[in-house]
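One chain, chain A, links the two complexes that follow: it is found with chain B in the first and with chain C in the second.
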Partner chain A sequence: MPELIVENLCVRFPSWQGELTVVNQVSFQLGSERLGIVGESGSGKSMTARAVLGLVRPPGKVQADRMRFDGIDLERMDARGWRSIRGRRVGMIMQDPKYSLNPVQRVMDQIAEIAMLHSDMGKRKTRERVLEMLSEVGVEDPARVANCYPHQLSGGLGQRVMIAAMLINSPDLLIADEPTSALDVMVRGQVLQLMDREIKRRGMGLMLISHDLNTVARYCDRVLIMYQGRIVETCAADRLFEAQHPYTRGLLACLPSVETRGKKLSVLDRAAINAEMPAYG
Partner chain B sequence: MDDALLTVSHLDVFYKRGRESFQAVRDVSFEVQDGETFGLIGGSGCGKSTILLVLSGLDGHWRGEIVLDGVVRKDGQRASAGHSTQLQMVFQDPYGSLHPRHTVDRTLSEPMRVRGLEHVEQRVLEVLEHVGLDSRFRFRYPHQLSGGQRQRVAIARALVLQPKLLLLDEPTSALDASVQAEILNLLMDLKKQLGTTYLFVSHDLGVIGHLCDRVAVMQQGSLVETLAPENLVELRGTHPYTIELFQNSQYA
Partner chain C sequence: MKRWGRAQRLVHGCARAVLTLALTIVGLLLVTFLIQRAAPIDPVLRVVGDHASPEAYKAAKHELGLDRPLYVQFGRYLGDVAKGNLGKSTSTGRAVSEDLREYFPATLELSTVAIVLGVLLGIPLGLWAAHQHDRWVDQLVRVISLFGYSVPVFWLGLMGLLLFYAKLHWVAGPGRIDDVWQYTLQAHSHLLLIDTAMDHEWAAMRNAIAHLALPAALLAYFSTAYIARMTRAFALEELGKEYVLTARVKGANEARILWRHVLPNVAAPLVTVISLSYVTLLEGAVLTESVFSWPGIGLYITNALFSADLAAVLGGTLLIGFCFVGLNTLSDQIGYWLDPRVR
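Right after this comes the complex of A and B.
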């Protein structure tokens, strides 16, 4: 199984206050398992995923002691090399299908385009494959959906289309960056279960980025908790609720539910957490 | 009931879609008691936000009757001038709901100036204090604020005219969990201080269960059931859709 190895990854951006380190010495390995990355906005979780796919735009700078996927050195990759990895070996699903699908292209055309980029299947064959793929991801009438423009689809359907587009080249690793936070609760469960099923069936790896602890606990094997660009804690997903770091504990405690009715929710004590953090360097 | 602040009866809302007309809300009736926190929950497109738009007077394509604090509106009738002091709304996205080129001060004082009220400055400071922002924030622009601070400003703007009813359209769904906790605590504190009635729209069952006294469940434009507090605490619905919704919420 191809493995993603990341050692001491740093992503830096220049700012008025000097260089800002948004991802700070992050290391992890990922094989055919489901890895969750949780943290708040600005914790560096999305930047970590972007760095892995070479999507950090200048003036951002990526640096790592080692960053390899299936033995390929991701640090010394040119545009051509990236094209053979992105979409083909590593797929990425973003938060909102409204922005990640092309608004002026029919569903059929955009999925077919992705498929044909990476294979030499004929046009007709590809179109058949697209319809097949759409029904695999639970689209009930693939022919109608294939003929739609993205704005004619609901959020849940849009995200299924996105998943179909990402799975059509059978990548080894799927990076999902908040894949369900733009969807409503009823559909969220369905989309996550679909992703989970396909990942297990294909024996793929998953990197699931989310701010939602419950989602990650349910759909991952292992979880990294990030705060201010660093990994503060790593634990098995089923032990997430016994996590030790004050930041993780704080995140768990601030979730509202019927049990917290009428009580004040606890809020993060950032001063205490920062005191526990190792000094920047 | 006699102390209902808001009564909505047989509300229908239509949208024109080409030549056809699409019914977004069908025959919805409910009452919100004075001082209550009333929740509206349902999937996207179920009509919950549409109801808020109609109540706030931003939408005129409706039929039925709305009685707010004794003032009756019927069949698409526009809201009267005093409407804005009875009801205000806080929107979902604090990035989109504040004017990017108005300072916090201007955002907060404009509603009062429009109504020709006095002591504007004093009230601005007062309302900022209510939402837990100190006077340093008064002359900042929205882009100089974090998401949570912006939502505090949006709540302050809604409170500045001292409305009886606050419409909250998913006010925390764009925020981080820890910031959400702060805003929910703020809303609870404000309720204790000011006694404002809340109509709270959300699809997050945790938030609804934490905050609301009663909750109405909506599906495809219809209100399928209203849960009393004791049923809400135990997540006990009778309608099949409610049961499904409660189950799905635990898996997402």
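Right after this comes the complex of A and C.
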């Protein structure tokens, strides 16, 4: 099984206060399992995902002791090499289909594009494949949806379209960057279940980035917790609620539940966390 | 039901466009009409002369309809314009509409060649500059644009003539065509490139191109600078959007991202930019036409102004106004059609 190996990944951006390290010595491995990355905004989880796809734009700088995918050295990759991995072997789904789909292109063309970029299938066959793919991701009326522009779709439907596009080439790894944050609570579960089903059916790997501990606990095997660019804790998803790190404990304390009903929810106490881990402060 | 809704919306949209167009044109006619009345040039005196008797003056005034109320005069003016009667030019002695039919194509030919070059060069240059943000291509485009703003067109025209015509003999001099062909060519459309092609006059065509090259290149330079700068600005904004990231994730290369993803998204505002640039050219680049003795509408209006030829000035103004209004309406419609979100 192709494996993603990342060792001591750092992403830095220049700023007027000197260099800013947004991802700091992050290491993990990912095969055909479901890896969750949780953390607050700005903790470096999205930037980690982008670094893995070579999508950190200048002036950002990526550095790692080792970064390999299926034995391919990602650090020495040129533009052509990246294009053969992106969309073909690794796909990525972003937060809001309203922005991640091209507003002036029909759904059919947007999904067909990723298929045509990586295969010599004819136009007609590709179109058939797109319709097939749409029904695989649970779109009831593929022909109609294929003919729509993104603004004519609901958020849930848009995200299904993104999933269909990213899975059409049967990649080995899917990165989902907050795939349900922009969706209605009602459709979140449906989209996550759909992703989970397809991932398992294809035996792919999943990197699920989220700020929602419950989501990650439910749909992942293993969880990385990031805080200020670093991984502060790694644990099995079913042990997430027994996590030890002060930051994770702080996050867990903020979750609403039956017990907290009617009481004031606690707020993350950053001063206390930073005091407990001076290295990060 | 839905199909009917769309058809209805289309009809509604067209009707509104036509109504707006009509109102704007009537407004334009009102302005040119009032200028005629307000100008310190007495049309009656132009007919009867300075030493006419009061009776002759009165009779001429009556004959011209100038003793009627203003709204009646305006109504008559509207009718005349609708019939294509723009009055008689006092400096050329011909009907203004006839003059315009001859002079305007010269401007049209020059502007069209310039705008086509401007679009063909400006859009790729702008996209490239956006892609190479802050690197040398981007700087180059900025310098070209800056030079375009700060250097007066007549100076650049004169320098061009000095270098390419007087020194290097690469292009022909002022005018549209050499005298040899001036009176022998059949005028079908008054567009020389088309007229010469229709009659297979290839030598004449080459000559016309040699005359056209320098002024067209000069105007193309200004529209290229403008279109490139706007394309760059629009594209830079789009490149920061998430669908571009999606395209990269799909494995699309940079050229594909620029031409297939970014360009269609900036097409609607670009059409407006191009049409504005085209209208500016059609207004008759007065200075360019003067420098190159180009017998276009800019030169026509300038000459008419110097001889207080009001009918000619207003006729030309009206034509330019029509172009402006027409092109604006057209570019709005194309803009709607290009953007599925407002379509």
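Operating definition for what follows: the second predicted complex is superposed on the first by the 276 of 281 C-alpha atoms of A that agree within 3 Å, B and C clash if a C-alpha of one lies under 4 Å from a C-alpha of the other, contacts with A are read in each partner's own complex, and residues count from 1 in each chain.
Simple rule for what comes next: contacts are C-beta pairs under 8 Å (C-beta built on N, C-alpha and C of every residue); 3 or more make two chains touch, one makes a residue touch a chain.
In this text, all values refer to a predicted model and were calculated from it rather than measured experimentally.
Contacts of A:Leu268 after superposition: chain B is touched, whereas chain C is not reached. Residue contacts after overlaying the shared chain place A:Met94 against chain C, while chain B stays out of touching range. In the superposition on chain A, contact is made by A:Leu55 with chain C only, not with chain B.
Residue contacts after overlaying the shared chain place A:Ile114 against chain C, while chain B stays out of touching range.
Using the contact criterion defined above for the overlaid structures, shared-chain residue A:Val185 touches chain B, although it does not reach chain C. In the overlay built on the shared chain, the residue A:Arg83 is in contact with chain C alone; chain B does not reach it. Residue contacts after overlaying the shared chain place A:Val104 against chain C, while chain B stays out of touching range.
Interface residues of chain B facing chain A in the complex, by the touch rule stated above, are 43-45, 147, 176-182, 184-185, 188, 203-207, 209-211, 232-235, 244-245, 248-249, 251-252. Remark: chain A residues 40-41, 154-155, 180, 183-189, 192-193, 211-215, 218, 250-251, 254-258, 260-261, 264-268 touch chain B in the complex.
Within the complex formed with chain A, the chain C residues making contact are 241-243, 245-254, 260-261, 264-265, 267, 338-341. Within the complex formed with chain C, the chain A residues making contact are 53, 55, 79, 82-88, 91-92, 94, 96, 99-105, 113-114, 117-118, 149, 151, 162, 165-166.
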